[in-house]
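This is the structure, below, for whatever I ask next.
We call the chains A, B, C and D, going by the order they appear; numbering starts again at 1 in every chain.
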Amino acid sequence: MSRFFKAEISGSDILNSDICLLSLKPHAEYEHPLPGQFYMLQAIGCYDPLLKRPFSIFSIKNNNLSFLFRVRGKATKILSSLKKGEVIDVIGPLGNSYPEPGSDFVAVAGGVGVASLYNLIEKYSCRAHFFYGAKTKDELVLLDKISSLAKELTIVTQDCSCGLEGVVTDACADAICIPDSALNGLPVYACGPNPMLKALHSRLSGKGIKCYVSLEEHMACGVGACLGCVVKGINEYKRVCKEGPVFSMDEIQW
Amino acid sequence: MSRFFKAEISGSDILNSDICLLSLKPHAEYEHPLPGQFYMLQAIGCYDPLLKRPFSIFSIKNNNLSFLFRVRGKATKILSSLKKGEVIDVIGPLGNSYPEPGSDFVAVAGGVGVASLYNLIEKYSCRAHFFYGAKTKDELVLLDKISSLAKELTIVTQDCSCGLEGVVTDACADAICIPDSALNGLPVYACGPNPMLKALHSRLSGKGIKCYVSLEEHMACGVGACLGCVVKGINEYKRVCKEGPVFSMDEIQW
Amino acid sequence: MVNLSVKIGRLELPNPVMTASGTFGYGQEYSEFFDIERLGAIVVKGLSYVPKQGNPPPRIAETPAGMLNAIGLQNIGVDRFIAEKLPHLRTLDLKVIANFFGDSIVEYVKAAEALTDSGGVHALEMNISCPNKQAGWIVFGTNPDAMREVVTAVRKATDLPLIVKLSPNVTDIGMMAKVAEDCGADAVSLINTITGMCIDTKTRRSKIANVTGGLSGPAIRPIAVRMVWEVNKSVMIPIIGMGGIMTAQDALEFIIAGASAVSVGTANFINPVAAIEIISGIESYLLEHGIADINEIIGSLKT
Amino acid sequence: MVNLSVKIGRLELPNPVMTASGTFGYGQEYSEFFDIERLGAIVVKGLSYVPKQGNPPPRIAETPAGMLNAIGLQNIGVDRFIAEKLPHLRTLDLKVIANFFGDSIVEYVKAAEALTDSGGVHALEMNISCPNKQAGWIVFGTNPDAMREVVTAVRKATDLPLIVKLSPNVTDIGMMAKVAEDCGADAVSLINTITGMCIDTKTRRSKIANVTGGLSGPAIRPIAVRMVWEVNKSVMIPIIGMGGIMTAQDALEFIIAGASAVSVGTANFINPVAAIEIISGIESYLLEHGIADINEIIGSLKT
């Protein structure tokens, strides 16, 4: 059971606005991933793009690993255009995972950051107060499924095209910080673009709230060998692929 | 009507032993090629492989350009695995062409060299004494079609798995050189690996036979600009892509 | 409307995109693909006073995201260029930059003089990545003393804008650029190809007959951009950047690093209309970012 | 059966394939993907006498068929390496080559001494692509005098086989290798990364925080093979070749060009079992070509 294996495309759907849901059927026995872990994926056969790309595990069903990603550059474009039956290279599961929520919890997803939290709410269904934000309605995906898995779903868009108007971090922090909030004291799990996580930090830090964030950095190896993917921790650099991708908010210098 | 255009895969068949027949539907009006001319083909979107690859025009039917090629390395592998509807980059038609045979003629194909001569016998059907050689039977393709287009088809394999045993150049030269041969005086058109053409030269040179050969060299531009594809002519280097690919045998230093 | 015109010394170009020497012939081959008058300039295939046959084949080999070439500077010579190619180029509304080289200082000077006298050449680009056959085969472009001597001699021989094309096969390209500037060059261009080789393991021979060749294409772009940035810190004269430019984004990297103009080389082979697409891509970039004049972003890298 | 074992000075390797410094950690990360005892040797992440934090992120960027890195030589320092990593490595049947560097000659010597005394290190590889902070930031590996000084000092400080890892950012790598040989190096390894940069045109900043980074991967392979060939012509000591080796064929190019052994770097990231596949691919090549001993083809390029 190696964490380096080949897998076959078993499904590929383009959801709205450039977001692709890719399912893989591993060619070998594989290690079961935990929510928050990630995989390095790559189409085979050419040195451009050269490096594998990291993607969070989105879901595991019937021995299929699935990933939800936004088409941004070369590699995601190639991955999104693979046909059923084509074979790719996979390394994973990698990195740490979201710590188990002892109770109900708050989940905050910005854009395609939803990919990493989906597996968490699937595992701990009906326990998440889920805040899901995006610039606009078109970037929101799988609302039905998320709403059935979450205890409560709050949608926030910057252009007010769906749900509340504003940014998701404010909506979430406001909800937590109102006096006697039911959310007060619950652990928070967040994934999204860096500015969003920064904003969340500035709203929640010093309030005694346990907050876990899943970070992104450019990666080469994904296994801790190259030291390429570091973020600034309190005393030293931390590897996102090894000590992360999930960090307690107060481990990081924002 | 530009010689640089995009075309869509309209058909792709793997014939026996790694030989692919690829049909393209140009997205724009295109110039009609002559037998012996070639095109530079490339799948779009990645810098590895970097350069386009030259392929002789095999046939033109119903506004489809088709190419017959052997899968050798990266580029031919990619081209052979493209699916119907995918779009590639094309430059062509390029180079000179086989001079028009005034009469019946002799055609000598070694292996996938048949790709370049097929269009000639299609155009001048029932006029070719066709000699088609390969190492073994499995490398011979489209025998029915060739035999219906040629006046006469002689097959030669080195392992005697089909037709005569031996090398095609000997078979052809022997046939031309026997006294009172019907082939004597007919122009000869040849395409195949370099050692085969060399052998043909050593058998036929000095015998007053008009012999045209289609040569191969590594190409970068295909249009005469880079001077990368030269072969040694009698007095100076000649560009295969511009002065060729078809040369009169006595223009070349063998 | 944005301004795309740039100046290389006193040479004014309508836009910063030219075609690199040796990749665009004398302009004929690509004329059928686009109107070459739209180019910022054309740099012709390297010329020598005496015509050269070039190297035996195979002359090219592909490498990951790059290619090796050892054409061996095959060319028709300055005289035939002036007699056969220049008359047509003169009829065009197009800046013509003549790239030239020599086997010795005397040959460099003879070529420069003939090209200067020809009328119709707007600037000279000297390729100094050649060995001096008369002085122990030292490559002019990798030895500061040899370079000083040849650039000084050519500078005296021409009053055309003189561009010195630098070799990347050096420890300190900033220092080499400074030598060119000190000797009176009006501009430097970089990079020429990087020496490389690749081997056919079956035959245990180099894949090109000349054994080594020059590496070009996207593979070398990060090295070229770095060198432009270094040269930008060391000289005041304008820089023409090149090395693996395939798209407008790539060209902009060089411009931001310090290049006043760029040359498109290997990209022409892959996309015959690359140069034109790069010109319009630069224009779109400026419009998108609200920049009125390309000159505003030359050397604007934030560090 | 073919013989794959080679000698680097008096160090005998079971096969010619090692993993390149900085791409394989201290061996732990890749142990789960294959039995690292099958390697010819492991070269550990570059060590300094004093631990180093390294550069701020982003530290890596992808380029066509290559990558730039500016890790900034982050490492746990020689002492922690000896205390925490070496004990496990000592239990393995595996040659351990310690890659090290310093900010000054004193630091180089201190690191070399400590690693020599540690027991369990089979050879030292000195990375000289670092500036001398005490002497005007001259990079040891690009200045023959600075290099002579540091290699001589380290040579006196260790009796382990000493490999000098050359920088490719030089005009004449053959000459630099000769300096290393003259100073008593037992072998040279090459190439280290080539300095490069790439720019985000949106922000007009370098894509890596350190501005420049080191280019590695298949893009640089033709340059690396050429340099190995040049060094092979200029020195008698063994050469360890590296730079973009992805497959056994690539490794064989280096061996045919003159390398007695090879290092696999960036390839580990793309294919965690690359090194093992390369070992068995070399074996198949020898069998196929009826070559009984790898040593027969070292430097066997036909020209």
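The rule is short, and it goes like this: a residue touches a chain if its C-beta (ideal position, glycine included) is under 8 Å from a C-beta of that chain, and two chains touch if they have at least 3 such contacts.
For clarity, every value in this text was computed on a predicted model and none was experimentally measured.
Asker: Considering only chains that satisfy the touch condition with chain B, which of them also satisfy it with chain C?
Answerer: Intersection of chain B and chain C contact lists gives A, D.
Asker: Higher C-beta contact count, A-D or A-C?
Answerer: A-D
Asker: Greatest Cα-centroid separation from chain C: which chain?
Answerer: Between chain C and the rest, the longest centre separation is with A.
Asker: Calculate how many whole Å lie between the centre of chain C and the centre of chain D, each centre taken as the average of the chain's C-alpha atoms.
Answerer: The answer is 34 Å.
Asker: Centre to centre, by mean C-alpha position, how many angstrom separate chain A and chain D?
Answerer: Comparing mean C-alpha positions, chain D is 36 Å from chain A.
Asker: Using CA atom averages as chain centres, what separation in Å is found between chain A and chain C?
Answerer: Distance between chain centres, rounded to whole Å: 47 Å.
Asker: So the centre of each chain is just the mean of its C-alpha atoms; given that, what is the distance between chain A and chain B in Å?
Answerer: 53
Asker: Can you tell me which residues of chain A touch two or more of the remaining chains?
Answerer: In chain A, the residues touching two or more other chains are 47-49.
Asker: Among all residues of chain D, which ones touch two or more of the remaining chains?
Answerer: 64-66, 217-219
Asker: Determine the shape of the graph in which chains are vertices and touching pairs are edges (line, ring, star, complete, other).
Answerer: Topology of the interface graph: complete, with all chain pairs in contact.
Asker: So in the complex, which bits of chain B are touching chain A?
Answerer: Of all residues in chain B, those touching chain A are 45-49, 74, 77-78, 83.
Asker: Could you pull out which chain D residues touch chain B in their complex?
Answerer: By the definition above, chain D touches chain B via 64-65, 218.
Asker: Quick one: which bits of chain B touch chain C in the complex? Just the residue numbers, please.
Answerer: Against chain C, the touching part of chain B is residues 2-4, 42, 47-52, 89, 91, 217-232, 236-237.
Asker: Can you tell me which positions in chain D touch chain C when the two form their complex?
Answerer: 63-66, 68, 142, 169-172, 194-199, 201, 203-206, 211-213, 215, 217-223, 225-226, 229, 244, 249, 252-253, 256-257, 285, 297, 300-303
Asker: Touching residues of chain A toward chain C in the complex: what are they?
Answerer: 47-48
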